[in-house]
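Dumping the structure here so I can ask a few things about it.
For reference, chains read A, B and C in written order, and residue numbers begin at 1 within each chain.
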């Protein structure tokens, strides 16, 4: 499957990158090293010395520069060679590949495609630690599965009624009714009103209406919020979007990022927590325990799904109504890939793309 | 190597499949799920939901039906869809692949080929817990080797004189004389009289004749019995088959099944124990200890053999007289494969098939 | 990458091969078994029984002969079959592949190519336990990396200034000046005078000149010695080779062998120790502790280099002055391979070979 290159991928939590400590990772099957200059500004390179391909992430920061610790080549933040031990002249034209890198919403983002198109405005509006309204916890999980399968999971929350019975205690409502999908420019909005939901997580003792909404930004950012409203609010609003400031409880926000590392591996970053008016650190910690349990359930399901797919990768899925988001996502992704590299043919062969979609 | 499809493969012990607990396995590189309906009757499906390929073995039995626990599709025992959450209509024509499944001789058998040809009469006459004459113990071992190599091992017991010196305490007799091989319709009979055998396992204190016979049913069922007779019985009978009811001691029965799971993996099921007139539970337990040791010796040898083969898979073996059973087996298997799918050419390239065989 | 066949590869330490205990290993991706006859003489075969490919290294020595412990074929030291259980005639023409094997300088060497060209004079002049002048310790390490990368490491000691800061405490000198490379018939000599070196390992308290020299015999034997001389000796000698008998301290010798086992694996054998006039067993033990630490640093670097290379194996390195030895090595190796099997084209594609080299 082709990877989208002209997009921002999350590679780390902002707070995990200390000045002077190069960090090696893998994005769309390419090794990447990220480090901070003395002023905190980030630099991202291919994690491969020009000389004999040692990883620069095993290197040493020297001020703003990064030294390969195999034979000592020293690189400027622009990727040029500052120094080669044992020789006076250094080749002018040799350059490490440099990736645009950004820091926003507590995440470090890398742009793997055409640098000229790297626009920070394309970074989705996640909620990070710099947002004082939310009390957030966070975590990350490595998947032995394609990023695509993790995205599918997030694009169809009907699985809550089955995968997460023991964690979220989700009822039939999630699977019973297909939510509203709206195609946006680079994202899909998914909304649902759940009437008379008794949400155990908010200790609500009486029936309420719950509004839940997420935006899934392609290729893999999931931003979800919602809140509880007095019984009947949904109907009163004609099931339109409410003002979350009017919620009486249960307003939380979760930002999640699915980053493809290799053909069968992905890294999943998530935070979650209540709005300060709707919960405190103790509640955030409860949510983290819950997330730990629920995301382990997802991981088990998705990795076993990958195992089954690998027995016979050519199968075509039988589409159901709940696939709306997945189908919409695949259409949009295919279009973006096609625009980027004429990759339609290859991607369409996945079999998701040819399904009917009503939500547009 | 091609797999025979029109045959019964053992996938489990009967007693290991409880009502309501789907069991996932792999047979000839295909994922299979087996479960029991409320009345105990077995159902076997491809272990792959039609929708997004999640394993049904991670699903939930609901009465006689099986629900995928990813997005909730519910399947009837005939493989049709009973329910799709979130939609009223379900596609009529969509069907899970269903495999014929049988339960006999304490084993669960699955037929991977043409269902119309699935005939329970083709299940070999193994001895299971339903046979009151024998006191049986059992076990199973997963092999990191092709099923073919485990079958070869069982088709040529001359290896007892070398591999099993420390466990069975087998002497030169096993390798010293080639037994009698008889080709039958779907099996090979292998018989030998061992004169003046002192069989430590029966605590016999004086020399006796031992008769040992097994039927190897293609592709991988091994059924062996035998018994001890007064010295000279073999000669008196012209080394023909005796009546085991006349044995004075040492009558045991072992049923063994070699099931290919993947191209380099197999699962091996075995039971073993004395006839009630020739041994009790304590003796059975001794045999199990012995089997545990001996089968670990086989596993070490066969897995290292696989490792060596994989360095250069194209080599042709140098045939010896003891190969009679292996050669006969490969000829019969090739013929069955050819009949089944015109697969002769591919299989014959294994190099075993072109050897001279006298036993027919 | 093609492997050189007409050369001696180290497979074991002499003292690790006891009479009667067959030893299995892998050389250039071929399984090899080595054993000693009763008189101590070595025999090396393919580690694969002619019959059904069981490893002979799991076999049993019977006098000078080796028996396969699967079905009992017995082999003569010349590779012919001495005995096949169950049959009287053995095929005359069947022969195990036999490799020339030699024992020299405490190592066991195997020749994987044309036996007619196997000449013990081609064994490099390593220093082993049979040399009474040195007090040696030894060890070995398995690499998850191509042998080629381990050789590159040894052919360019400029890495000491970076990889081994914490172990050898090597200073900038190693990387700062390219040593003298001299091409010899089947080896490369690498020499350097380090002026005013304070060599902590010799407890030298005053500045001295250090001379360090190694011969790298293709494809993978590294033999290094050196010694400390009064300050100014290097200059006085015009930086030519000194007589090591004149060294005032610090004369050690290390023999190292890099043996390719598979396409991404290698085994590395090393000894090291002082000349008896320059150190004792206690000093040797200090050197072994140091080697343990330093070689673990190399292993971490080289295995991660392999990982990075495997992401995109087609890249061409940017050459630097310190590559002289590596480039020279690759040219010589390519020539030898070309002579051996017309393999130039394949090997040249590695990208090292096209670089300018001055040292000839």
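One rule holds for everything that comes next: a residue touches a chain if its C-beta (ideal position, glycine included) is under 8 Å from a C-beta of that chain, and two chains touch if they have at least 3 such contacts.
Just so it is clear, the model here is predicted, and its values are computed rather than measured.
Trainee: Counting residue numbers used by both copies over all numbers at the interface, does the chain B-chain C contact come out same (over half shared) or different (under half)?
Mentor: Comparing the two copies, chain B and chain C contact each other through largely different residue numbers, since under half are shared.
Trainee: Rounded to a multiple of 5, how large is the rotation, in degrees, that superposes the C-alpha trace of chain A on chain B?
Mentor: 120
Trainee: With centres defined as the mean C-alpha position, give me the chain B-chain C separation in Å.
Mentor: Each chain's C-alpha centroid was found; their separation is 48 Å.
Trainee: So which bits of chain B are touching at least two other chains?
Mentor: none
Trainee: Spell out the residues on chain A that touch chain B in their complex, using ranges where they run on.
Mentor: Of all residues in chain A, those touching chain B are 152, 156, 158-159, 161-163, 172, 175-178, 300-301, 304-305, 307-309, 311-312, 315, 317-322.
Trainee: Residue numbers of chain A touching chain C in their complex, please.
Mentor: Going by the criterion above, the answer is residues 26, 29-31, 47-48, 50-55, 58, 67-73, 84-87, 91, 94.
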